[in-house]
Amino acid sequence: MVTADRTPTYGYLGPEATFTEAAALRMPAVAGARLVPCATVHAAFTAVRAGDLAGAVVPLENSVEGSVNATLDELIRGEPLYVTAEVLLPVTFTLLVRPGTDLADIRRIVTHPVAEAQCRTWIAAKLPEATVDLGSSTAAAAEAVAARKPGPHGEPYDAAIAAPLAGERYGLEAVATDIGEDSDALTRFVLVTPPRTPGMPTGSDKSSLVAYIRDDHPGALLEILEQFATRGVNLSRIESRPTGNGMGRYCFAIDVEGHVADARVGEAMMGLRRICANVRFLGSYPRADGVHPPVRPGTSNADFRDAAAWLDELRG
Amino acid sequence: MVTADRTPTYGYLGPEATFTEAAALRMPAVAGARLVPCATVHAAFTAVRAGDLAGAVVPLENSVEGSVNATLDELIRGEPLYVTAEVLLPVTFTLLVRPGTDLADIRRIVTHPVAEAQCRTWIAAKLPEATVDLGSSTAAAAEAVAARKPGPHGEPYDAAIAAPLAGERYGLEAVATDIGEDSDALTRFVLVTPPRTPGMPTGSDKSSLVAYIRDDHPGALLEILEQFATRGVNLSRIESRPTGNGMGRYCFAIDVEGHVADARVGEAMMGLRRICANVRFLGSYPRADGVHPPVRPGTSNADFRDAAAWLDELRG
Amino acid sequence: MVTADRTPTYGYLGPEATFTEAAALRMPAVAGARLVPCATVHAAFTAVRAGDLAGAVVPLENSVEGSVNATLDELIRGEPLYVTAEVLLPVTFTLLVRPGTDLADIRRIVTHPVAEAQCRTWIAAKLPEATVDLGSSTAAAAEAVAARKPGPHGEPYDAAIAAPLAGERYGLEAVATDIGEDSDALTRFVLVTPPRTPGMPTGSDKSSLVAYIRDDHPGALLEILEQFATRGVNLSRIESRPTGNGMGRYCFAIDVEGHVADARVGEAMMGLRRICANVRFLGSYPRADGVHPPVRPGTSNADFRDAAAWLDELRG
Amino acid sequence: MVTADRTPTYGYLGPEATFTEAAALRMPAVAGARLVPCATVHAAFTAVRAGDLAGAVVPLENSVEGSVNATLDELIRGEPLYVTAEVLLPVTFTLLVRPGTDLADIRRIVTHPVAEAQCRTWIAAKLPEATVDLGSSTAAAAEAVAARKPGPHGEPYDAAIAAPLAGERYGLEAVATDIGEDSDALTRFVLVTPPRTPGMPTGSDKSSLVAYIRDDHPGALLEILEQFATRGVNLSRIESRPTGNGMGRYCFAIDVEGHVADARVGEAMMGLRRICANVRFLGSYPRADGVHPPVRPGTSNADFRDAAAWLDELRG
């Protein structure tokens, strides 16, 4: 959406000051835009589809928890949307306090249940006397600490477990960082926009699509994978999702290495289109990890061009 | 677990009177046993692993919502457990009232948010004047109606949207049945027990396993599928899950047609075992749908026996 | 070659009046042309390559004996030539006599060793008293009978075993037909010409090519076959031939169903071109058996066009 | 066959003193046995089948000319025989003279047509004045030189082009060696015996078999290759041969790396046996090249044993 002052507005899965907002702030495409939190992935995508938002940043998968089904299903069903960018963010929990509070002074902590579960070991070891209350989000916990809101016990909280961003936002200080268990856990966030021609290939690209099997038959998934393998296209992820049309009926959400403008990716996608009941393209975009994977011999754009020239000559 | 009176106790994902208890009541293996609700899948599996429960009934996947990740991850990680039985249950919502209440009298309804979403269209069409309040479970909603518990408005509810079982349990009557939108949605529930030698093959069996790829390389999934295809074993489901060891590292939860005692399934599993970093077997059990799929020519037990006899003779 | 009077001259593997000349006479492309016998396949192909012949008809394979290696190797090596047409001919042996000779009168027979081997059983049963002498060709045998040439015993032969065409050519009559053992044996003859753009597809076409593997590695043949399978192209024949560069180094002569102008054949050939060290195209031509094989769903020209239009739109 | 004095008799494709006899003399299995030449491959195999010979040494393929179809078809059809050993022999042509003859004195040469073709370039360069007459075999040519038999011109020959063995046999001297064009051409000779349990695996083995496709269908060859690929078995050679039952009906003669006693080879062969109309085993034997190819990870005998033990435990 372009507002009167021409600044586009993007949404993100709220509330404010959580990891998703942090991800949005890292996306070059969103730089300088107005950012608004959305209550649910569905609300965010509905606003994008309606043209009320230029795009939305949402979590797509986590290296521990797996796919965020709400995001995946919203992409699979409804009006087509594209993934335009991705960001990988470590999920690092920070213990935030009002300036002046020492670690030794902490008695009452508040946070979101997921964060509590991740940080339980650390709390037990370092603050065995402290109690932890649960709130609706890590950002709300930080806000409660900053505002000295009293808990059910009538006293304000001493500390919140939250994303580093929440500290900056609410004027809190970190007395301990990276206190979660899966300290190398990553979450993949994506920027979702209305469909538009993908940007130029960078050599370090990913493409996403959904393949719906024609007549559910044994070997259907094998056939799909062979379409990619024959053209030297590597899959980086495959996820089956129910189509909603009965138990045992699935579609496959697939991420591949390469860009729709790459000859090998394009030919594989056409192959999929021919053997599948339907293929929904979800966009090509630069890889967050910046890896330039080697192209298998015989599958570069130049190899495809040479072969096409050879065939043209044979055909006369 | 076997109690003093020798009656085994099984758990199910609670609360009582929901679809999971209904599924448990349909399982022959559980017939006559004591049934207790468990607060979470994790709690249920922990009790099974500890020997405090003989088994637990939990939802595994839904034809609309997909896998229940909590169940899948509990099966994939931690001490091995087996799937011993499965049941398919339609998710049918019923409008339950105290005996004597007419449909026309209904003003205030209570239910769980998922049920509310599913039945919103029906309510709008048939009971446009009614208000719907949300509670913690469909069973709790039914109980509230039966007990004439007042809502926030100070009046008892006229009706609850819940599973048919909740009607029986709380002495309520159904004034309307099957009022949800995805009226053919199915949920697959499984009985999970400590590992034990699977029962005899019935000709209508399924086997479940998890395959962990050795050195994450392109084509690894294709190789796994080929192990099955070469032996004529059909997959009925494949689900990728993160291993938790970094973004882009997955294992595959696979259901196949057939029993571990079937020669073709056994040989394919050995093939998987050889090419994978690890294979976790999750059990063989009768199919809930009772289908006896045709065995592909050349892949019956007799075919395997004949080929083995031939090879033995060649080897002398 | 076009002679002064503009009538093109075609060669065939001689001598005259054998099955190869009979095949040449059945080829529409050769109708009305001058036909000359060539001593060897090599001689015929050398003349075609030099422009001294417009083309040459030679045997390529026999349903009992297999490939004619001399023909295959001449196509694989040396300057490129195309197969432009094919004919299937039953190899039927006929017992030919001078008009007026009865079956009962036959005492001395002459023929070629291959024909003698094929007809030995029939002769033993029907003419147990007759002796069979061996000559250089079935046509020469027929000519000797017609010319009453004396054999080593000083007497003219009573009969020759030869192709039906030899009877017409030398004015002989058939007293028995189809006296060979493999009475349903077929030989496949091809018309070989300088490379030129193949004729239009007829829906009942074949294409021939030779694939040279890049770095002889296990699975190389499998990869070649997958290039065809992925595009729904059926092979009708595959023949390995040594490349001449050491034991264990082969190329593959392949016939496929379809025409180089068919989208699926063209794409498979480009795939081969990319993964192989070299691909030699040997032409597309109408099938001799006239079969119109069904096109697999998703692999028709229209399917390829639709997929290409879809991809073009995605690429913007 | 074992004669009265207990010395077995082996045959070889004659005549004497050709490359086939040289190959037979290199085979350990034949050492100390009586060796007799056979006129044709058919004659040799018939004698083996009848028990008149203990085995026969015949050429199977040449790195330039390809398969020796007579040998292949004799192995494919008729009573089963096994390949028990193989030898690779360079086809090196030698110019043989009576002791005392100088290269400069050579005017008249005799040899077999194949040898003449191979040595034409050398003769033209080194002995431009010499004439070459053609005889029935290289051995007969050597014998003629040794015996000073006159040629058609009435004079004895000065030299013969033949195998080195012919020089030893007929007391001739080599004035020039390795004068053929394809100086690195190899011929593969095999020892064929009645079926018997193959010897122990050596780690450097080959196995041969013939696969007959069930219902000739597209993709049948691909399925055969996949049976091998799935078990990590490499093919070293594949040759299609007509079954004799109509054009387009083939069987496949296949050589694989490994021994029938190797678990991966055995399992692949059982797979073939199940999907094919018929599989004819042609023996396992040590490789002539002595190569010990690396075994693909997960396909060693130990890997198969471990997987089998794992499965046994699962099956209880």
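Some notes on this structure:
Should a chain be cited, it is by its letter among A, B, C and D, assigned in written order, with residues numbered from 1 in that chain.
By definition in this document, contacts are C-beta pairs under 8 Å (C-beta built on N, C-alpha and C of every residue); 3 or more make two chains touch, one makes a residue touch a chain.
These numbers were taken from a predicted model, which means no experiment stands behind them.
Of the chain pairs listed in B-D, C-D or A-B, the one whose interface repeats that of A-C (more than half of its contact pairs identical by residue number) is B-D.
Annotation: 28 Å between the Cα-based centres of chain C and chain D. Averaging Cα coordinates per chain places chain B and chain D 61 Å apart. Chain A and chain D have centres, each the mean of its CA atoms, that are 62 Å apart. Along chain D, residues 226, 229 each make contact with two or more other chains. Under the stated contact rule, the graph of chain-to-chain touches is a ring, a single cycle where every chain has exactly two partners. Of all possible chain pairs, those that touch are A-B, A-C, B-D, C-D. Across the interface of their complex, chain B is touched by residues 61-66, 69, 73, 88, 182, 184-186, 188, 218-219, 221-222, 225-226, 229, 234-242, 244-250 of chain A.
Interface residues of chain C facing chain A in the complex, by the touch rule stated above, are 196-198, 214, 226-227, 229-231, 260-261, 266-267, 269-271, 273-275, 281, 297-299, 303-304, 306-308, 310-311, 314-316.
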